[in-house]
Amino acid sequence: MSSPSTETPVLSHLDESGQVRMVDVSGKQPSQRTAIAEGRIRMSPAAYRLLSSQDNAKGEVLNTARVAGVLAAKRCAELIPLCHSLPLSFAGIDFLPDDTTHSITITATCRSDYKTGVEMEAMTACSVAALTIYDMCKAADKGIVLENIRLRYKSGGKSGEWRND
Amino acid sequence: MSSPSTETPVLSHLDESGQVRMVDVSGKQPSQRTAIAEGRIRMSPAAYRLLSSQDNAKGEVLNTARVAGVLAAKRCAELIPLCHSLPLSFAGIDFLPDDTTHSITITATCRSDYKTGVEMEAMTACSVAALTIYDMCKAADKGIVLENIRLRYKSGGKSGEWRND
Amino acid sequence: MSSPSTETPVLSHLDESGQVRMVDVSGKQPSQRTAIAEGRIRMSPAAYRLLSSQDNAKGEVLNTARVAGVLAAKRCAELIPLCHSLPLSFAGIDFLPDDTTHSITITATCRSDYKTGVEMEAMTACSVAALTIYDMCKAADKGIVLENIRLRYKSGGKSGEWRND
Amino acid sequence: MSSPSTETPVLSHLDESGQVRMVDVSGKQPSQRTAIAEGRIRMSPAAYRLLSSQDNAKGEVLNTARVAGVLAAKRCAELIPLCHSLPLSFAGIDFLPDDTTHSITITATCRSDYKTGVEMEAMTACSVAALTIYDMCKAADKGIVLENIRLRYKSGGKSGEWRND
Amino acid sequence: MSSPSTETPVLSHLDESGQVRMVDVSGKQPSQRTAIAEGRIRMSPAAYRLLSSQDNAKGEVLNTARVAGVLAAKRCAELIPLCHSLPLSFAGIDFLPDDTTHSITITATCRSDYKTGVEMEAMTACSVAALTIYDMCKAADKGIVLENIRLRYKSGGKSGEWRND
Amino acid sequence: MSSPSTETPVLSHLDESGQVRMVDVSGKQPSQRTAIAEGRIRMSPAAYRLLSSQDNAKGEVLNTARVAGVLAAKRCAELIPLCHSLPLSFAGIDFLPDDTTHSITITATCRSDYKTGVEMEAMTACSVAALTIYDMCKAADKGIVLENIRLRYKSGGKSGEWRND
């Protein structure tokens, strides 16, 4: 599914003795990094209808989820133990509601010009935005599902561009 | 998919004017609450093999994810805007690796004896545990997918028991 | 300005030797507590017009500020050193724009049934909501002013009801 | 009140469709940035007298507020949703008590050499320092008012120096 | 060194399969809990003299350390993975400088009326207060040592009173 | 005990009037910084035996402590008031159990290429890792002691290399 890669497939967060460790990026050069993560939240037709029937409602719910996602992107390194803390130059969340599948596709884009990638920031922002929608719609449907959260795109750093379409 | 419910399907986090608001639980009675969320993280056969080949590796990765999930459960109200902060009496994460689908099923269980449910705590713990596994295995497979994160079980409170099998 | 009070006017956060200390509430009984804080953010006519000209713009900005205020209420004890951490049963933010003074009045309401008052939670929520509006409008007017942030109402606890009109 | 500016007065945190977004600073150059915010906390003569009568008391209260303000400056991006997280090179709080108006003027200075301004860090530090004083003096006067919190000075970045006297 | 105990010596945070888990306190009754931790920070005579020569200096440094310790007590469950988050009814820090050994003894006292002990809150508060003193004195002596941080006293809960003199 | 130093022994965090302040690093150049802190946790023979008897148990406890220490390193500036927030390029924790003294030596290494040293990050990581071990073993021995937490090594910046053996 992913494009061919020349990277050695290793678990970079384990040291020789098999114990977890942060990757040391002291020797890395900063470069422009972008990562895009995507996921989908699918709800019952009734819940989706409730959310969509009032324009304001949808706007408020999605804005709340967007704010939560952006805040989570900035706090990613507090949540994901071996992630580097870094200054993000951008974190944005987009929503694409789909009336036929009563689902919303969530896209999170993060950028930094620091020494490590921002995949985790994008994945975390996407997940927390989805969780926030779940929270606000769960009174109408507890069975809402977060589906298919994954990295879509990544650029910058030694490994260059990567796409997952 | 979910069991029949007598609750009115409304978006409880919107007020009459359609603006977001926290639910006021001042009048609610405390009760024993449990929520169980489940999700799955699916990776390439190669990444799964790397993770599984050393017993220690898998133990370290899963323990790190477990710790991250438990910590996230406790900080859920910082991430999910309209979630109530509350003392959890328990937060636990279990992993069930499946060699045939090269995936790991993650189950998060949260308990509280406060006035609101702990669904969001369980959903958040499950998601952050999955994100942590993603982080630690992404060097071997950037295309790892978080699938099907959803509530499995809930008990306590006015609405009683709910299952989603 | 405030209603007469029978409380002894002391600085409760200083001990006998004049050093700061948290108030020990071990012996206090829980009771229903409410606190309402109010403040105003005043901007230039041009900035206010920009904010008001698009309905969506105002909704998005105020919702973002509301979310920030609610999140800040829940994290008040992390910011205000001698404040007790406690579970809030409610935190809500209301906005009242005033076209003639090109200002917005912000009201923050917090509730808890714990052993201490929630004045600081309401004051903090109000301030952070105002700061968030400042942030989002500062490109149009850096000179925006936060005015008159103060407690309006308080009930519960030994000292009972208090109003500041 | 503010000095003339050549910036286009727009709400930089809204995109074309009127939805909130973080400003993308990927293309910006780092530069030395300073921001100074100022506010005033005004209390009843009795409360002010209590605070001032013991030198130690005032020192302890103001030091506690200073510490809270500095810590808040560093965590500004967690509180203000669309603010960039960045490393501060300095955060400082100064207090100027005024016996005649029984008020204390609070000045917060922040510096960074990153790509965005630090206005929000200074405004947040000033507000949290004021809130901390409120917290510690509210037993003597619940009606204490936070007045006139605003940006006083800003330098660095494309828009250069700005004063608000 | 510790008083005899009838508790079974087990590692309560490991489950049957040897994996870490939070203790489930769902079935426990709340009770008044107190814990006192103690530690010592020992510095070079020169650094101690610098700290002590100005009364104000010592007051400011110790107040800053006290504030940091109290804040850390409240955030203990964010730092210590398997610790329960709970509302503290009190957190206090005391300092006892000793001129002959140029050291300062730090005592942290925490109280709660929740279902679990507050040992970790007291231990964390004591450690962070000590680290804060280290930070502020390290320019004069990088070799400052944190010594002998341990629990001194504990009461409440099923195991009752415990002393470590 | 420490190597001779040409630095003036001053309390760098106090200004001329004796009040605490953050050091202004605006004018400093970034350089590669490393700091290593070390501490020891000593427990009763019985507790140490429990921890050591199952290989898995020790691995799980130490991994949990390692994760907690790394997370604490990244959040150091939230805990230590006058510490600068900065991006760490590495944070790692090592454990050296000693069967004869039934103690574990904890070493924390931090790196950054920012403008200030990372001593506090290393000291905090070491302390929180030790506290986490305490938490997980306290059911077997409440009297566990954290001993001798101190800086071992530091390099980078104007003052260059420093050792404390």
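Per-chain residue numbering starts at 1, and chain names A, B, C, D, E and F are given in the order in which the chains are listed.
One rule holds for everything that comes next: a residue touches a chain if its C-beta (ideal position, glycine included) is under 8 Å from a C-beta of that chain, and two chains touch if they have at least 3 such contacts.
This structure is a prediction, so every number in the text was calculated from the model and none was measured.
Between chain B and chain D, the least number of touching-chain steps is 2. Chains touching both chain C and chain F: A, B, D, E.
The minimal number of chain-to-chain contact steps leading from chain D to chain F is 1.
Ranking B-C and A-C by contacting C-beta pairs places B-C first.
Distance from chain B peaks, on a Cα-centroid basis, for D.
Just one of A-C, A-F or A-B has an interface built like that of D-F, with over half of its contact pairs in common by residue number: A-F.
Rounded to the nearest 5, the angle that brings the Cα atoms of chain A onto chain F is 120°. Remark: chain B and chain F have CA centroids separated by 32 Å (rounded to whole angstrom). Per-chain CA centroids place chain E at a distance of 16 Å from chain F. Per-chain CA centroids place chain A at a distance of 37 Å from chain E. Contact with two or more other chains is made by residues 19-20, 56, 60, 63-64, 67-68, 71, 75, 81-82, 87 of chain E.
The chain pairs satisfying the stated touch condition come to A-B, A-C, A-D, A-F, B-C, B-E, B-F, C-D, C-E, D-E, D-F, E-F. Those residues of chain E that touch chain C in the shared complex are 32, 63, 66-67, 70-71, 74-75, 87-92, 111, 113.
Those residues of chain C that touch chain E in the shared complex are 19-26, 28, 77-78, 81-82, 84-87, 114-115. Against chain B, in their complex, chain A makes its touches with residues 1-2, 5, 7, 9-14, 17-20, 39, 44, 46-47, 50-51, 54, 56-57, 60-61, 64, 67-68, 71-72, 75, 79-83, 119-120, 123-124, 127-128, 131-132, 134-151, 154, 162, 164.
Those residues of chain A whose C-beta lies close enough to touch chain C in the complex are 56, 59-60, 63-64, 67-68, 71.
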